[in-house]
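I'd like to ask you about the structure that follows.
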Amino acid sequence: MKKALIIALLAVAAIPLLAAMASMPRFGSPEQPAYTHVASRYLQKGAEEAGADNVVTGVILNYRGFDTNGEVTVIFTACAATAAVLVTSGSRKKEKPGEATVPLSPVVGYVVRLLAPFIALFAFYVVLFGEVSPGGGFQGGTIFAALIIILSVVAGRNVAERVLPARVRPWLQIAGPLSFIAVGTLGAVLTGSYLGFPHARGLLATAMLMGIELGIGIGGATVFASIFWRLGDEP
Amino acid sequence: MWWQWAHWLPLAVLVPLGFGVTTPAVAGGDGGRAWRWAVLGSALAAATTLALVVRVAREGPFSYAFGGWNPPYGIEFRFDEVGAFAFVVASLGMLAIVFSGRYAEHALDPARIPYFYTLLLLDIAGLIGFSVTGDLFNMYVFMEIISLSSYALVAVSGERTAEMAAFKYLVLGAVSSLLVLFGIGMVYGTTGTLNLADAARRLGGVGSAVPVAVAIALMAAGFMVKSALFPLHVWLPDAHAIAPSPVSAVLSGLVVKVGLLGTFRLYQVVYRTGIVDLAALDQLFLWLGAISIVMGAFFAIFQDDIKMMLAYSTISNIGYIVMGFGLASKFALIGAAVHIFNHAIIKSALFLAAGAIIHQTGYRRLSELRGAGRGMPLTAAALSVGAVSIVGIPPTAGFLCKWYIALGAFEAGRAAFGFALVFGALFIFVYYIRMVNAFYFQEPVHADVVHAGDPPLSMLVPVWVLAGLCLAMGLAGKIPLTFITPAISRLLAPIGG
Amino acid sequence: METVDVRVLLAPAISFACSGLVFLMGRNVFWRRFWSLGAATLKLVVVMSMLPGALRGTTYVWRFIEFTPGISIAFRADALGMFFATVSSTLWLVTTVFAIGYMEPEHAKVRFFGFFALCVSTTVGVAFAENLLTLFVFYETLTICTYPLVIHEETPEALRAGRKYLAYTLSGGACILLGSALTYQVAGTLTLSKPGILPASADPRTLAILFTTLVAGFGVKAAIIPLHGWLPSAMVAPTPVSALLHAVAVVKVGAFGILRVVYNVFGVELLRRLGFTVPLAYLAAFTIIAASVAALFQDNLKRRLAYSTVSQLSYIVLGAALLTPAAACAAVAHIANQAFAKITMFFVAGSIQRTTGKTQIHELAGIGHEMPLTMAAFTVASLSFVGVPLFAGFITKWYLSLGALESGMWWFAIVMLASSLLNAAYWLPIVYLAFFKGPHGRGTGSGEARLLLLVPTLLCAAWVLVLGTTSDVPGMPFALARAAVEFVFKM
Amino acid sequence: MIGALWSNFDYAVSVVLFLIGLYCVIAKNNLIKKFMGLNIMETSVFAFIVAIGVVDRGSAPIMGPGARGPFVNPIPQALILTGIVVAVSTTALALSLIVRVWHQCGTIEADELRELE
């Protein structure tokens, strides 16, 4: 009864939404305003202006770099938020791996150890080549975080934590926002506005982009791994 | 002049953001060091935003283009008079953080304290960013920073009810954010731009008004969940009452205003384009605002928990502001905009004072707190000043809103809503008078309440600064009113004028 | 002639500062009394120092702070305001003396004297308010400041009375707020410095709403029936507070507000044309009679006083509503006439209660032998209420009757006559009871009230006689009332 | 109307998904299922915004030698990258809260929790 009522209400809500969808500019049309207004400039000049062949990366880091600055802050906020919710002074980590799960087959351990360097390498590739191909800091960072999570499941958390030592982890977690603030301030000094990049497509601009990408990657990886670990802590 | 330096605007966000993210790393587990770091950060943020306020008062609105990309190609910060909310945010945030010093030691797990300050600072950074940004999607990003940190701050005390309240808040908050994002997507799809000013220009030329109208409806609905307008308020009372008191002050004074500021920005985009008739929305705001005033007051009467009562009173006050929006006449809008500021001050004063009392006595129910006026005279006096102010007794800050919205109701020819507002305010007095009675005029139940004594200075000073502001902002009401008027005039100026 | 003079600000500010000092240093008996009395005296001096100027026709003004754009919190001592301020500051001094004597065995004296001073500060603020918003600001502040006084006893009954008081007066305040907003909308100004600000061209229906909200708002404190319910309940307060509420501050503020609405917001000419005051006059007449009848049946002395107040206040309202110069004179003068007589009676009631513990009228048999001076004062006040010539009340009745005839509504003169008879019917039996009944020569042995209570009582009673005999002496308060009326009627 | 809706079929699908997610949020009793509903809503909005960026026969907007247009609109992709990160963050926080609720109450069914209060 209750469910039927909810469905009926949602169906009523669907009508205006669908009507709005029907009168949106036609899907896929090259004439739609979303394509002709701001985007057209990005597509025409983006590669030179923003200093990255991948225009999406150019938009993320350069045109709308400040959004990304906010975004890395959001990731860190999630990290601090989970910490504020989960951490207690009495909390201890689960010492043994896979305590509550079935013991892992040795094959899994062997394969993971074999693949780990390649996964790490791939993660760095995705980070550094985000400029010219699909990818970027987040994507690479996530892959790296996945590696750490796999390691802590397979080899135990103590092994995995050695990759991101607890002493520097608070600084690694904020690598994203810090690299943004550093590069943004450098941009302000060089070009007169925060997150400005020198226009010429030179070494400096590329280094700045790389710096941000690396910061995002390291920060993202650390944050995701930390959240994973914290979720597993005993309260 | 010093206030003309262009970089104050990005700094206003980056200072609390930078201090916020570095807090856990700098503190290294030491709560006291985290507190000092956070106080420094918020004080610098307040100083930075002050520069912005000075500039906007002298020169009018100004903007900052990130990365040197002119709008609509890059992200723009635009600081107008309403954006001066950023200054209110920074200064009230600073007071809340100062207040937290002793409070957190007592109420929170030591391991969480650095994260607590981080989240407070990020909340402040998000709020400042939200009030100054000129870009729709950037607005969403800041909204999410605010939301995430607020959800966590509600749960930070680690009590069971707190976590459940936080989850409820999170689900509704996330749904509302998605409604707003959906709306932003539709605006982008129809106009091709995310810049607010550019969108306002281009909305006039869109092919069909239907997506725009639906986008406005979605965004307004999302914002109204964030602002807890009746009947979308269900998350608020628990979340605001259970959170630690400085957090309640920030949530109730500042964070609920996100929806109102968002609505105001929405108005700035669509008001003058004429593509959508906003009369229906105005009508809805009027009625929901009126119902909110009455229902908030009605529920508050039955609360014994002092913070629960304050939380319901927030719903009433949101009702005032939304009703001001709905009246849509010049006086009403000015009154509503000023009340966004004033309510922040008053409600922070109330929550901090209530927090100090709870901190000192350990009781939070009015029936247990009898005699608190004798035990902690200065704190109880501050709470009474706040109560008088929020009810709108002149010449305190809360009165300005009542006066201006009453003027606006007559101006708009809708006297009935003026009556609803003014008599609704009386209803609110019923429960504040219960509080005053309990504090001063009823026989104490617990002897320790009478001997509690006023809290340490780090708590008392913020409380009294805010209580003093409740009085000062009323007496010097001309200052905020004249300050905000240009923004409203621009909003209402005829097209092409 | 207007003069910028800081004294208009000082008058309310002194009591305000005094209340702050009482709160700060009041735990010490000496300092509490020192600041209370010192400020009362100082304020009286300040107000009196403006009196000669005011009698010469000077109006003192002072702009305190611009509250909202275009509307300031400003003070202006015109003749009407000066009259009210003189009355209230004189009475404050005597009431303070009386209160010091009366409150000795009570608790929470710091709070009491602190808020007491605040009340009078706000009353003078109302008197000197230059515009409707300033008036409203002080009107509402007064409501808040009286609350702790009303529930001073902290009994459940007192709390209930306090709630009732707040419910009535704050609703009234809400009405005034709306009325002021509408006034601003219609007239574009809120000043009270002109004889009427509303444009004659305004829509009569709007003006009717405006008149209703404003009069209903002030009518709550002026206790016009059916808005009087709070007043008898508020009798639980200590006697000096009742005296203050009934004679000086609260109710008079309501009556004063109605005078301001009639004379300075609408203006006599506009109201004559619109005819709104006719129903108000009937309501006032009804209140006069009905409240007197109700008073007849009260055995508690303070409750009888309360109903008498309800009745007497409507004299002022009626005087305002008749819209003739003579009636206006009566209305203004009655602010003082009623105040002194009524405060005498409250002092008597308080003295009896403190000295003998008696509160009911039937207990008063023979009290005149115990406390002859006190009861003599009571007799003077009674005769004034009855309207015997040479007593203050006669002046009011005389001019009010003149006004009724002037306006062609002679039946209101009959109301005056009936009211006199009723007053006689409920006051004189008490006098008779006190002096001619009861145990001769053998009472409770309480003797006369102590000097701190007796002296203020006698002073007030004496002043009732002075007011009643000197209405034509230049330089006396009545001259101010005349000046006020001349301004209002543009004579 | 129907014809227009058909040509904007992709948008319509995201509306339907959005409402399905909303249904889960409202009707489901288990906190995790509620949250999964929220994730469905998030995905639908992301799908909607990404769909705005689609251009007929467009390719990825990566310039460089040999790249040929038309390219799809890069802005929605950039926005949604941010959106996804926000969604992940919200999910992380929600899961932490659910974990805590589980530890403290021993259940994550909304009705049982309501009884506990």
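We call the chains A, B, C and D, going by the order they appear; numbering starts again at 1 in every chain.
To be clear about the criterion, contacts are C-beta pairs under 8 Å (C-beta built on N, C-alpha and C of every residue); 3 or more make two chains touch, one makes a residue touch a chain.
Small disclaimer: the values here were computed from a predicted structure and weren't measured.
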More contacts between chains, B-D or A-D: A-D
Mean-CA-position distance for subunit C and subunit A (Å): 73
Inter-centroid spacing, subunit D versus subunit C (mean Cα positions, whole Å): 69
Geometric centre distance via CA averages, subunit D-subunit A, whole Å: 16
Whole-Å gap between the CA centroids of subunit B and subunit D: 28
Residues of subunit B whose C-beta touches two or more other chains: 137, 141, 144, 148, 151-152, 155, 158, 163, 166, 188-189, 194
Of all residues in subunit C, the ones touching two or more other chains: none
Subunit A: positions in contact with at least two other chains: 17, 19, 21-24, 32, 34-35, 38-39, 42, 64, 67, 70-71, 74, 77-78, 81-82, 85
Pairwise touch network: line, ring, star, complete, or other: other
Which pairs of chains touch, using the document's own definition: A-B, A-D, B-C, B-D
Complex contact set, residues of subunit D against subunit A: 1-2, 4-5, 7-12, 15-16, 18-19, 22-23, 26-27, 51-56, 60-64, 69-71, 73-79, 81-82, 85-86, 88-90, 92-93, 95-97, 99-100, 103
Contacting residues of subunit B [partner subunit C, same complex]: 388, 393-395, 400, 402-404, 406-407, 409-411, 415, 418-419, 422-423, 425-426, 429, 433, 437, 440-443, 475-478, 481-482, 485
Complex contacts: residues of subunit D adjacent to subunit B: 18, 22, 25, 31, 34-35, 38, 41-42, 45, 48-49, 52, 75-76, 79, 82-83, 86, 89-90, 93-94, 97-98, 100-101, 104-105, 113, 117
Residues of subunit C defined as touching subunit B within the complex: 65-69, 73, 111, 133, 136-137, 140-141, 143-144, 147-148, 151, 154, 159, 162-163, 166-167, 170-171, 174, 177-178, 181-182, 184-185, 209
For the subunit A and subunit D complex, residues of the former touching the latter: 2-3, 6-7, 10-11, 13-14, 17-19, 21-24, 26-30, 32, 34-35, 38-39, 42-43, 46-47, 53-56, 58-60, 64, 67-68, 70-71, 74-75, 77-78, 81-82, 85-86, 132-134, 136, 138, 227, 230-231, 235
